[in-house]
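Chain nomenclature is as follows: A, B, C and D, assigned in order of appearance, with residue numbering initiated at 1 for each chain independently.
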Amino acid sequence: MASNSFGTLFRYTTWGESHGPAVGVVVDGVPSLVEISEADIQKELDRRRPGQSKLVTQRQETDRCEILSGVFRGKTTGAPVSIMVRNQDAQSVKYDEIEHLYRPGHADYVYDYKYGHRDHRGGGRSSARETVGRVAAGAIAKNILAPHGVVFRAGVISVKDIVAKERNWDAVEQNPVRCPDPSAAARMADAIDAARKSTDSLGGVVELVIQGLPAGIGEPIYDKLDALLAYGLMTLNAVKGVEIGSGFPGTLMTGREHNDEMEMRNGRVIFRSNHAGGILAGISTGQDIVARIAIKPTASIAQRQDTVNRSGENDGVLVEGRHDPCLCPRAVPIVEAIAAAVVCDLWLRVKGYPVAGTGFASPK
Amino acid sequence: MASNSFGTLFRYTTWGESHGPAVGVVVDGVPSLVEISEADIQKELDRRRPGQSKLVTQRQETDRCEILSGVFRGKTTGAPVSIMVRNQDAQSVKYDEIEHLYRPGHADYVYDYKYGHRDHRGGGRSSARETVGRVAAGAIAKNILAPHGVVFRAGVISVKDIVAKERNWDAVEQNPVRCPDPSAAARMADAIDAARKSTDSLGGVVELVIQGLPAGIGEPIYDKLDALLAYGLMTLNAVKGVEIGSGFPGTLMTGREHNDEMEMRNGRVIFRSNHAGGILAGISTGQDIVARIAIKPTASIAQRQDTVNRSGENDGVLVEGRHDPCLCPRAVPIVEAIAAAVVCDLWLRVKGYPVAGTGFASPK
Amino acid sequence: MASNSFGTLFRYTTWGESHGPAVGVVVDGVPSLVEISEADIQKELDRRRPGQSKLVTQRQETDRCEILSGVFRGKTTGAPVSIMVRNQDAQSVKYDEIEHLYRPGHADYVYDYKYGHRDHRGGGRSSARETVGRVAAGAIAKNILAPHGVVFRAGVISVKDIVAKERNWDAVEQNPVRCPDPSAAARMADAIDAARKSTDSLGGVVELVIQGLPAGIGEPIYDKLDALLAYGLMTLNAVKGVEIGSGFPGTLMTGREHNDEMEMRNGRVIFRSNHAGGILAGISTGQDIVARIAIKPTASIAQRQDTVNRSGENDGVLVEGRHDPCLCPRAVPIVEAIAAAVVCDLWLRVKGYPVAGTGFASPK
Amino acid sequence: MASNSFGTLFRYTTWGESHGPAVGVVVDGVPSLVEISEADIQKELDRRRPGQSKLVTQRQETDRCEILSGVFRGKTTGAPVSIMVRNQDAQSVKYDEIEHLYRPGHADYVYDYKYGHRDHRGGGRSSARETVGRVAAGAIAKNILAPHGVVFRAGVISVKDIVAKERNWDAVEQNPVRCPDPSAAARMADAIDAARKSTDSLGGVVELVIQGLPAGIGEPIYDKLDALLAYGLMTLNAVKGVEIGSGFPGTLMTGREHNDEMEMRNGRVIFRSNHAGGILAGISTGQDIVARIAIKPTASIAQRQDTVNRSGENDGVLVEGRHDPCLCPRAVPIVEAIAAAVVCDLWLRVKGYPVAGTGFASPK
């Protein structure tokens, strides 16, 4: 079963293994005449790139993207956009010892069980390196939506029990944790660094806010905006939960408290609160879309853990290599990219792909 | 855009409005030779039926299902199974006054905004009555999976701040709250009844456990088992969050604590814990699948709330009619049904639809 | 694998067996605010109805359709439209003797082989009765497209070696053969009646012309207009070939002759010929779309033919019951319906599903 | 709308323009543990490669393929297989003059009309160069099916009015026309060469035979084997018709003649004829699958033809460049590839993707 594609109209397929020759994505369903350049994509890829700070993996990848199709003279043609990034700093030899071991918290066991073998080098297909393709596709989605005022914001709002109070989205790219609260960011950075030094790892929560999305986006029963966001975000291996608006804490409220009352102000509908997270019955209300995801602590840690091997024997594994002591900071651009693809897909269901015409009449 | 279908191989489409002549579902992709009867479906429909206790809506629907196709002599033929339930106790007149009002927390505003009009009677298509079709489809999925030992369990584990401690799944159908902890169930029932009397409503959390699912079910990147569960469960209008395994609380753990170590016992892989919720990299591990969903307090309450009307004026609405003071108890069979459809869809990707043959050779 | 649905945006699923309680269709992806009534659908169903003349099967079905959902106050709501037709004149007892026999040219053998059993009564799911659902869905597609001037024409242009010269589309419903050439129609009728009397059957060719379709409809690589027409039309059991424009005879031309040269006339592009059949590279040119389908002679004939039975023994079968001596006349409305669904699906990809708005501003 | 993908389970997406940096394909849904090498794919690409003889275009492309993902140690892993071919001999300058002209019989006009601009160099996305990706995907499909004895044969059975009598499939690769009748092949070659010299072009018919396919492959209503073959083959720009079995000539037969009677021979069902082309009700019968496609004469000819330009003026165009005087010979491997993908997709619906297991037990 084909399972490497995402979306219905704006549909992309990612490909590539962590230590294969390259990773990439083919994006189908891009409207024509959208301006897109390698620089637009590179900007987003640089945000998810390893090696940006000591808080993330030290693998060195320049991650230079190449647009191979679908763009002509700076504009999309309506044909699929194929984007490739060559792998460079793949230290496969470090992975030889895990060829026969199943790392706890990783795909190793289930991949071998399901497929009969696996490309074990660097996690192969289960590596977070797969998200290079998603981020590239998300960059295109952002370019489609930006002229319409739709903006994607994400940031780390908790690391373990350190919780951000503020939502200063402009601060996110100013600190290595990508936290919208600069003072919490500093404490989060210390905690992550301490975890790294003690060969352990931390989890946290990323919040997503979509601004400027008009009402009416999302389908009413199965391709609901919230359901597709939950689906897309849950496809990240480390994500263990997705909330919309009031989320789990909302179950502590009563109906009277939870309902977002409405009123007219200056000819405009106003919701007095946003427990709905900007979505009612799967459809955007015109308010900000708000979602949060739970990211588990990184499974790869440089401590010996008990496990079993491919021969069905008890064994132990200490995951060497260069890993993120906390996945949250690098998850931020990925979350934005996934959300952009979801919104773009639903957006195009409303907008269609209007025929451009030639300026003179066709036969009748 | 078609948005009323769910699944890829095991694929169903629901149809029908709350106060139209009927609701129903067409289930495509059912393997042949599966035993199924109207009684099997009726049993599940009776669990979601209104009017079972004072804790749920008093609308009286017998919800008698009729199998219209796809079953011959008690067994499926491989053709689509069409199931219909006639609507009976539809008091549409009660809804006349909301035709021009947008109830807070409901689909009213976004439906009018998106579609230009709506069948306002009883919520029309946005009514929970749509789930009749899902429960019927889930009954078929359960019949497909039951011979393989796959069992779906769900129960209400919290109502507002009342939390179940126990997981006695056999107790679920013994109390009207459908809580796996009988003592918590009694307190939950009191709280729900009190909310009803004070014209307010409560939310809560439903936990889902899938037992007996072998390893290897789920696709690795986009049709992950956890992602499809999150998608399916989030399509319920009242759901505001989905967690798998450790979920949001899991972000408070370190990697060392969170990783589920493995060992061999009697020739069998054993995971020492199940923070993963039975899913690694989107694929079942062979452990129990564990998920939880947050259900917001019922939006329909018999208190006047501020809102706007179709003319863009400030107005107020008091939602009459017969509503669930807490949606959780009736959500239980629906959650099971959605999970069964997700698992069945992924199961068939692995199993295919083997050709039965005739017992004598075909030409070559 | 789900295989009873057609279309991507305008997507319908048919269900039902020839001698089950009913047949029907659920149409998803219908835009809101389209006017549709049971009378619109009934009009098309009456054209495919059995028993219209001695040239077609004498089975008596009134085929009264019932709209069960998706229409409110005469207009679609954007929700799925469910349509059901109860079966009436199902003489299942006549089919008892073929339960264990495989009729030549029928689905009997392959259904048993694939599924392990079959609803043999009247062909079950393989019966042409399945097309009731398609015709109903096509009626909706026609209503969506009619306001835009898109018109579907079809007619029988040959029966065996009797070939229509004229294309008087208005004559089609004036003769029982549904031939656009009245003089050929008379000879065709005689031939069909003679075949019926001699317990044999005839085949023929149906031509489809789509008028008023603007340029730009159809996708360039895989969802080409011609490819989807070929796909849709070939799903009719009796169809053995599909041609677009010049078709097979076009292979006798040279490139110089075949290319449709263009010129401007009064500010409009004119193609001097239409060997392309109105489609270049899968996309409509603005000319008439022209397709033809080959329909094999009816497999059901009241002559004994050699065959095998379910026990793998040589046997013989004489197909009793009431069958069409030539399938072409009743195929005409079905061909139009399939074409309308294909065009509507591609049309909506261009047009999208614009949000209606409420007349006052949403939050920002 | 995404339209560059083909298939449901075995699903590939092609990308790339004629004169862009590369063309390629991503194949999703490939089972794991299938042996595949670049040599297997290269062998098929070499058959469709330009410049093989004077009967085909003289563009020089070595078409070296590179497998970028999804294969580990010579076997597929279940991950998507990405294949890329760099473009080399792209003489884009020759195409500058057609930037503002619409070549008759080409996509130029409809692409500009639909998309507002186009990559005009070498036809851009509408170039037959897109089929590089399909042939590569087909090579994988053939490798999946070959161990099961399924073999794909195709050959040119007519060029204009020169018709092959013989079906010696082993002769196909022995002559540059790829005709299964060596004596007809010589006459066809002369005719094609004469057309080339007179700056004209020829069309013809390609026949496809699938041998060794067991009964039961194909879905009964919409994903019929014949319908998907028609769909797939009609996606080739030059194809104007598809026939299965008796095809259009079959409409001249009576039912008595057309029905393929059955009998048992040595415990095996035998059909006495194959007018069905190996398919009943969309499902394979176990006989050879037989299809034919009509290929129009090449639209690109080195004669001046009347047309219009992008400014809506009358103009003329003489298509320079290196073109096939007859598309049929190079269509042969493409037809096989498309058929292989269709059959593989339907095959996997029956077979599924069985879980490999590890040899020791999973948790329960």
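Just so it is clear, a residue touches a chain if its C-beta (ideal position, glycine included) is under 8 Å from a C-beta of that chain, and two chains touch if they have at least 3 such contacts.
None of the values given here were measured: they were computed from a predicted structure.
Where subunit C touches subunit D, over half of the residue numbers in use are shared by the two copies, so each contributes mostly the same positions.
Just to note, of B-C and A-B, the chains joined by more C-beta pairs in contact are A-B.
If you average the CA atoms of subunit B and of subunit C, the two centres end up 37 Å from each other. Centroid to centroid, with C-alpha atoms defining each point, subunit A and subunit B lie 27 Å apart. Counting partners per residue, subunit D has 1, 3-5, 8-9, 14, 78-79, 109, 113-114, 125, 215-216, 220, 264, 267, 269, 285, 312, 349, 353, 355-357, 360, 362 as the residues that reach two or more other chains.
Across the complex, subunit A meets subunit B through its residues 1, 3-6, 8-9, 14, 102, 104-107, 109-111, 113-114, 125-126, 130, 158, 160-161, 195, 200-205, 215-216, 219-224, 226-228, 230-232, 234-235, 237, 240-248, 250-264, 267, 269, 272, 275-277, 280-285, 294-301, 303, 305-308, 312-314, 349.
Contacts from subunit A toward subunit C in the complex involve residues 8-9, 78-79, 212, 214-217, 220, 264, 267-271, 285-287, 348-357, 360-364. Taken in their complex, subunit B has these residues touching subunit C: 1-5, 7-11, 13-17, 20-24, 26, 28-29, 32-33, 66, 68-70, 72-73, 75, 77-82, 84, 109, 112-119, 124-125, 310, 312, 353, 355-360, 362.
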